[in-house]
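Since the structure comes first, as structure tokens, the remarks are kept for the end.
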Amino acid sequence: MSDRLVEVRDVSVVFHKKALFKKTRSVEAVKSVSFGIDRGETLGLVGESGSGKSTTGRAVLKLVPVASGDITVGGQNLTDLNGRALRKARRRMQMVFQDPYSSLDPSATVAASISEPLMVHDHVSARAARARALELIELVGLRASHADRYPYEFSGGQRQRIAIARAIALNPDFIVCDEAVSALDVSTQNQVINLLERLRTEFDLAYLFIAHDLAIVRHISHRVAVMYLGRIVESGPAERVYNEPAHPYTQALLSAIPNPSPHRRADRRIVLAGEVPDPARPPSGCPFRTRCAFAMDICAERMPEHTAINGGGEVACHLQTSGPELSGAPLGDLTAAAIRRA
Amino acid sequence: MLRLLGTRLLTMVPLLLVVSFLIYGLIALVPGGPETALAGSNPTPEKLAMVREQLGLNEPFLVQYWNWFTAAVQGDLGNSFVNGQSVWSAIAGGFPVTLSLVALTLLIAAVLGLGLGLAAALRPGSWIDRTATIIASLFMSLPYFWVGMMLVLVFAIDLRILPAIGYVSFAQSPTDWFLHLITPAFALAIVPVAVVARQTRAAVTGVMTEDYVRTAEAKGLRPIRLVGKHVLKNAAVPVVTAFGVEANRLIGATVVMEQLFALPGVGKLTYFSVFSRDFPMVQGILLITAILIMFVNLAVDLSYGYFNPKIKAT
Amino acid sequence: MLSIEDLRIDFATDRGWVNVLNGVSFDVGKNEIVVLVGESGSGKTVTSLSVLGLVPRAHSRKTSGHIWYDGKDLTELPIGELRDIRGNEISMIFQEPMTSLNPAFTVGDQIAEAYRRHRGGKKKAALARAAEMLDLVGIPNAGARVRDYPHEFSGGMRQRAMIAMALICEPRLLIADEPTTALDVTVQAQIVELLIRLRDETGCGILFITHDLGVVAELADKVVVMYAGEVVETSLARDLYIQPKHPYTEGLLSAMPQQGVRGQELPTIPGRTPEPWSMPSGCRFSPRCSHAVEECGKAAIPLRVLDDGRACRCCRSGDLALGGVR
Amino acid sequence: SGKPGDLNPGSTSTAAGQPAQNVACPPTDKGAIDKNATFTWMYSVANTSFDPDKVTTSNSWMYLFPVYDTLTRLNANGEPEAMLAKKWEVGDGGKTLTLDLIENWKYHDGTPFDAKSVKANLDRHRAKGSFNEQALSDVKKVDVSGDSTVKITTGHGAAPLISILASSAGMMMSPAVFDDPKQANMPTGGSGAFKVTGYDPATKVEYTAVKDYWDPDALNVAKMIFLISSSDNARLNAVMTGQADATFLRSAMYQPAKDGGLVVCQKPSLASFTIALNTTHAPFDKKEAREALNYAIDRKSINQLMQGFCQPGIQMFPTSYYASDPDLTAEKYPYDPAKARELLKAAGVPSGFEFTLETDNLESYTSVAELIQANLQQAGIKMKIQPVELPKLMENFSVNKTADAVMVQQKADADPSIQIAAFYLKNGFSNPGNYTNAKVVELDAEAKAAQSKEERAAVYKKLFQEAYADAAPPVTLCHLNTPLAMNAKVQGVEVYVDGSRQFRGVAIKK
Amino acid sequence: MPRPKEPAVRRKRAGRFAQLARRFAGNKPAVAGGILLFVILVVTMGAPLFAPYTPEQINIADRLSGPTPAHWLGTDALGRDTLSRLLFGGQISLAASALSVAIATLIGLPLGILAGYVGRGPDWLLNRASDILMTFPALVLTIAIIAVVGPGLTTAMISLGIVYSARLFRVIRSATLVVRQEVYIEASISIGTANHTILWRRILPNVLPTLLIQVSFLLASALLAEVTISLLGLGALPPTASWGSMLGQAFAEIRGTPSLAVFPGIAIALATLSFNLVGDGLRDSFGRATRKAEG
């Protein structure tokens, strides 16, 4: 019954930093990433800063040049689309950005910002666009009287609502939310999340929900993908990933979530050593091996394959196929001691 | 750093090539030539033709350019049409004067401009700030030659404490050098003082709100060190940029100023050459000033690397 | 050790003087980690800055209050003496590791500078000490990295460098204004561990500021909750989570996404924080409070000290039974 | 005084409002002069070369006089005097000139000054490409007839030569350095009282007196410095502050110079403000149109504008000069716009016409042009003013012949015949329209062959009457009187009627 | 069915600019500058109404008079009324500055936006072109161009405009680069808005503040440049008065009648001052608006 809306296959994105008289430096920000999103589904994308989440989100919308791979949205292959055709295809997919302060043109009124997609795609009259904009403004929980104000007159949460109104103006199928709530205070954040959820069920939207706050991702996502240094290292149904992480990185990430309960102060925390390596000079083999407690010889040699996991999803880790051979079992079944012995 | 310098010098080469071509073209394609002026008070057509021939004005344009350029590369900018003097030595003769004038002007701009700007920036909104701002606005608005004229009338004619015209080289007498240049330099400096003061004020007030200044303050640093070390180095980039722009503008302004003060510099030479259609001289001056400005820009750019190591890295 | 008493601060703005701190009071003891939490704009930063007199003087005024430290009122201390305390007895680290270090000087130079300012000595010795400190905060190859510029450090490393700078003179109190907010969760965890370790090793008191109640739970001994420029609740961490006394604290706790239930709406606090120039009369939280009664809007509510050493600014603190975290 | 308030309105000016036309500069007081002094003169334009054949304008002569003595000399009143030629004689029916040279004099490089060297110089001067080629074009040959006698044979007449040899065409330079191109910048083969000891082109020339000058009376200072600045204010400022000893004044600076306590002296000169016309451009081909121009210009108000330093005049030279008609005063062309209109009718342009006047882009020229513009407007003539720099001006008018008319300050040349040739003869440099008048041509030839000055004067009188009768171009506006200003120590400066700047005999008081 | 009233349309105009105007109005020097500029514009543009004489009316008998009841500001060397010439000359000077700035804008604005927005090849090319233009001192280049083309204010100001266009280009380009990085531009792209619409509706309005500020400063520079050029006799052709040519003429008389140089000097200083003050005011107002927008 799968109703695939978005299909991303082996997508890579490479940035070139050109400098006169210097070698061009290339950063492969996204490396052969694949995933799919069903209609009405939310895929959470998590990972540390610089891991390539935003770039992935942009690549799916073809906002950055895609070096290789295929992207299909609603049956339409975007890979070779360009210019006018691409602009036309954009009506089905929209984006909500992280920073509510910079994602709205400060020189345009709220109504003007919201009507932009309507004018562009439906070529409606200014009056009609405005009428629809007013509807949308109320739909996202603002008042119609706000229509002619400028963004600086609004709080972050309100701006994010405006951005959402703009994103849903054309009844898209798919929205990329890039850290859409990260800049907001906790109570405002929840208001926006609730709004997103409401809209999703109401309009059968699919989200690619990018965030670094794992607690929120858990709440909102059906499935979750974890990125590290440009690669998806683990993906699967949210419940499975959170309860039975299969990749050491996922495990460390989850254990780093601050625990609100003072009774259970973290003694089982895995504090990752060191920092994320420079994406321009990634380590050989598995990118995570430099910080991995379970690193084996093979990890430096080969990039692990994606393996299916019990309970759904995939993981790319040598622990699944070499050494202790977890073969789809969660990481929790293993202890560091066991590894060292093996 | 050296590498950067090297690459920057390399990029200047094509730029210079284009610039030299434009300079030559601009001047050489002038309808009618300088020969009338040179052929005496009653020239015959034959005489005019002879002069043209002598000046090499009958060659095709590109050949003329090429001859000029190859000679220029070897340091020979040709000879003046008007008095036969070597263009290079004429420019070299005027350079110390103009450079002295510009240097003194920039020095005044640095001392007064930085002082005014800093005083204003350290007490934003205070009477010092307001006064400095008003002074800067006024200075920006006064025509510099007008100021120069007024200064001469007061200090040279009425008070008789400064010379009205002329130049004495630094080597000859530093005091006289200074006395002869101070009036024109001060008049020229009014706009740079204003620009530098405004830029300094803006930059310093900007930097003062930076987080790292608060960090430094939280370390217990005293104001002198705080401003002298943490603020100034970071505020320097726009100020140095302003200096670069002003240096460029000043080279133009010397044309008028050297005239008013009978200073034997490149500016006076420019004025004289343009009006006597001394094309080799005009071409030479434009080329040399272009190179000079390129170096000023280069120096300014390189200084960015010192003031902001992050720029150096990229 | 540090005692803030009824601090009130106004700021000059386009709209005239507005009140941004109103009756802030709390103590930080030796060897104690006190966490200040509250939403954006609640006055956390202003509170922390005012301890060291770093609130911009030109646009601010103190209308009442004291900050007692060592028997001296820091707010009345001559600026020279205050400078001797800054970075020496009390030091601070800031939220933005990216901008809090001066890009024009090496990291080592900036760390050593604090040392030389208060301890004097040769530059070389101070640099060696700076390298030691970098090593202490866990930067590998510290001896070489003192010569790096800030832009050559990652965010986490910069924040470590900031901590090294703050600790080089072995202060008695460290004020950390949202030191982890800009960092990744994994790095945040590292920094929190580091601070706890340093507290254990050096015995300095820490005033830690955050808006993330999750982080609070990780390290706080005592929690001070601020709302709209006021302290609304002070409590031992453990007690606060089990049984908040102020409805705002309750709201904050329940709004943590960790508390959410899939498929249900996340709990929220209705409305938004008031702007400093349009503060509601009476209890500042009352317009958003689900427990508000008529009395709440009438008169300013004092910060009442409760029997168990906790304090709360709510006129119904006695009769409300609020829920903590699950 | 020159204060404007004193001037009567309208065109009848009174003597009271005008500065005196003739004020002599302080004479030399032989007893009180400092022979070791330096005299500093400040001028507006630089020289173009130190080689008398390579200069490009007569403005450069000033810089050459101290270095090169001339064969003859025109004194301050324009009368020929002995110089390197002790005396001379016109012979062969006015066709030859025989010069008797001084003896025991050497060029600065040691070459003896003798007849051979004079012939060499004259032959060089008249060679092709020399600046003096034109002035000496009538010379057929030069013969050496003894150690110190030279005979010059001309084609039409030798009379003009006497004056011409007082100019660069008569400057003597050591034949040893003829082919040395360095002479243009650093002359070493001079024959005059000074050597150039410092040269900063366009800025400064420094002269040092030579030892044992043949005419010790004419040498009273040890050094002379000529400074150059085209800024009128800078020049006056320099003299007022003592940085220079003397300079010339534009009319607007006269009163300030006097008020500043400077010594000011002046004398009417042969130089004039003129408007040269291109007679191929209609209606300048019509005599009536040219006459109309003359009637339509208010010469008195130009003089007023020039603060009394430009005496109205209508012929090429002022009436005080021998080559003029004393009856042709400014009254011959009174300011009369109505008459001008009538004449325009006669010229076939009853509703006036339009033309462009090109002139130097200096303020002193453009304001005169503006005044003329307003005058002509009254007569229905629309004149546009186009300021251009001097070389361009000459090019447009004389070479490309595109300009309708130009207004210039016409300097006196070495001899009247040169200026006459430029304006009245075919292919004259200032005659792009090739205006010709048979009678004028005839009289010009006659004047050249005249034996005596008186005889020449009579011929010129007729010539200028003819020119007036035909309203020959140029339109002369007024004759300039350029004052000199100096400090009280300067003695022996003279104002030369021909406008030349010579400082022979200048002295500084102790 | 009656249409609902739409007061909002008017608000829209008011909104952001009202905000700006309020800030500007709160800035005393800026308001003073604005008023000054307004007065200068009114009296110069209304010169035919206000001037007691025509600017070319010569009265040689009354030359170089100081201020008198007949001539409030005196007369010049030709006896022309200084006040009238100042008023008419202002038209010329201001129009000349406006011309050069308009040319600079016409060239610099579109090219700056183009280079900043498109980047790559065009950016490289245009940058080099501006590098080249910037290697010449503006005044020297202008004089050289005039020497070639011949004098005249229009020529002078056009060539000055070309020189200025390089400066404006740089500023607009970097402003565009900043705006281009803004997320709202990416938002527009993600919506599918066409490039020209983005340039017109998103980039242009947001570089407009930068442009306005620059224009006011450039106007001040251009005015001074006009004065310099006319002073050298290369500007306004006689008998046309411009402030620069008036000052040039006054310089000839400065020793005898210094007052002649004072009035054009004051006029120039006041006009320049007003441009600079307005520019500062705009910068401050926009600056604060932007800062506010950033949080």
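Just so it is clear, A, B, C, D and E label the chains in written order, and each chain counts residues from 1 on its own.
FYI, a residue touches a chain if its C-beta (ideal position, glycine included) is under 8 Å from a C-beta of that chain, and two chains touch if they have at least 3 such contacts.
Worth saying up front: this structure is predicted, and the values here are computed from it rather than measured.
Touch-path distance (fewest steps) from chain A to chain E is 1.
Common neighbours of chain C and chain D (chains touching each): B. Under the contact definition, chain D and chain E share the contacting chains B. With every chain reduced to the mean of its CA atoms, the largest distance from chain A is reached by D.
For the pairs B-E and B-C, the larger set of C-beta contacts lies at B-E.
Rounded to whole angstrom, the centroid-to-centroid distance between chain A and chain C, based on C-alpha atoms, equals 31 Å. Separating the CA-averaged centres of chain A and chain B is a span of 54 Å.
Centre-to-centre spacing of chain A and chain D amounts to 90 Å, using the average Cα coordinate of each chain.
Put simply, the C-alpha centre of chain C and that of chain E have 50 angstrom between them.
Residues of chain B in contact with at least two other chains: 149, 271, 274-275, 277. Residues of chain D in contact with two or more other chains: 233, 389, 392. Across the complex, chain E meets chain D through its residues 56, 58-65, 77-78, 147, 150-151, 232-234, 237-239, 248-249, 251-256.
Put simply, chain A touches chain E in their complex at residues 58, 61, 63, 86-91, 94-95, 97-99, 101-109, 111, 116-117, 120-121, 147-152, 163, 166. Within the complex, the chain C residues that touch chain A are 39-40, 140, 154-157, 184-190, 192-193, 211-215, 217-218, 237-238, 241-242, 251-253, 255-260, 262, 265-269, 272-273, 325-326.
The residues of chain C lying in touch with chain B in their complex are 49, 52, 54, 58, 83-88, 91-92, 94, 96, 99-105, 110, 113-114, 117-118, 149, 151-152, 162, 165. Only residues 46-49, 54, 56-58, 129, 131, 133-134, 181, 184-185, 200-204, 227-231, 233-235, 237-238, 240-241, 243, 260, 389-392, 394-395, 398-400, 413, 418, 421-422, 427-429 of chain D touch chain B when the two sit together in their complex.
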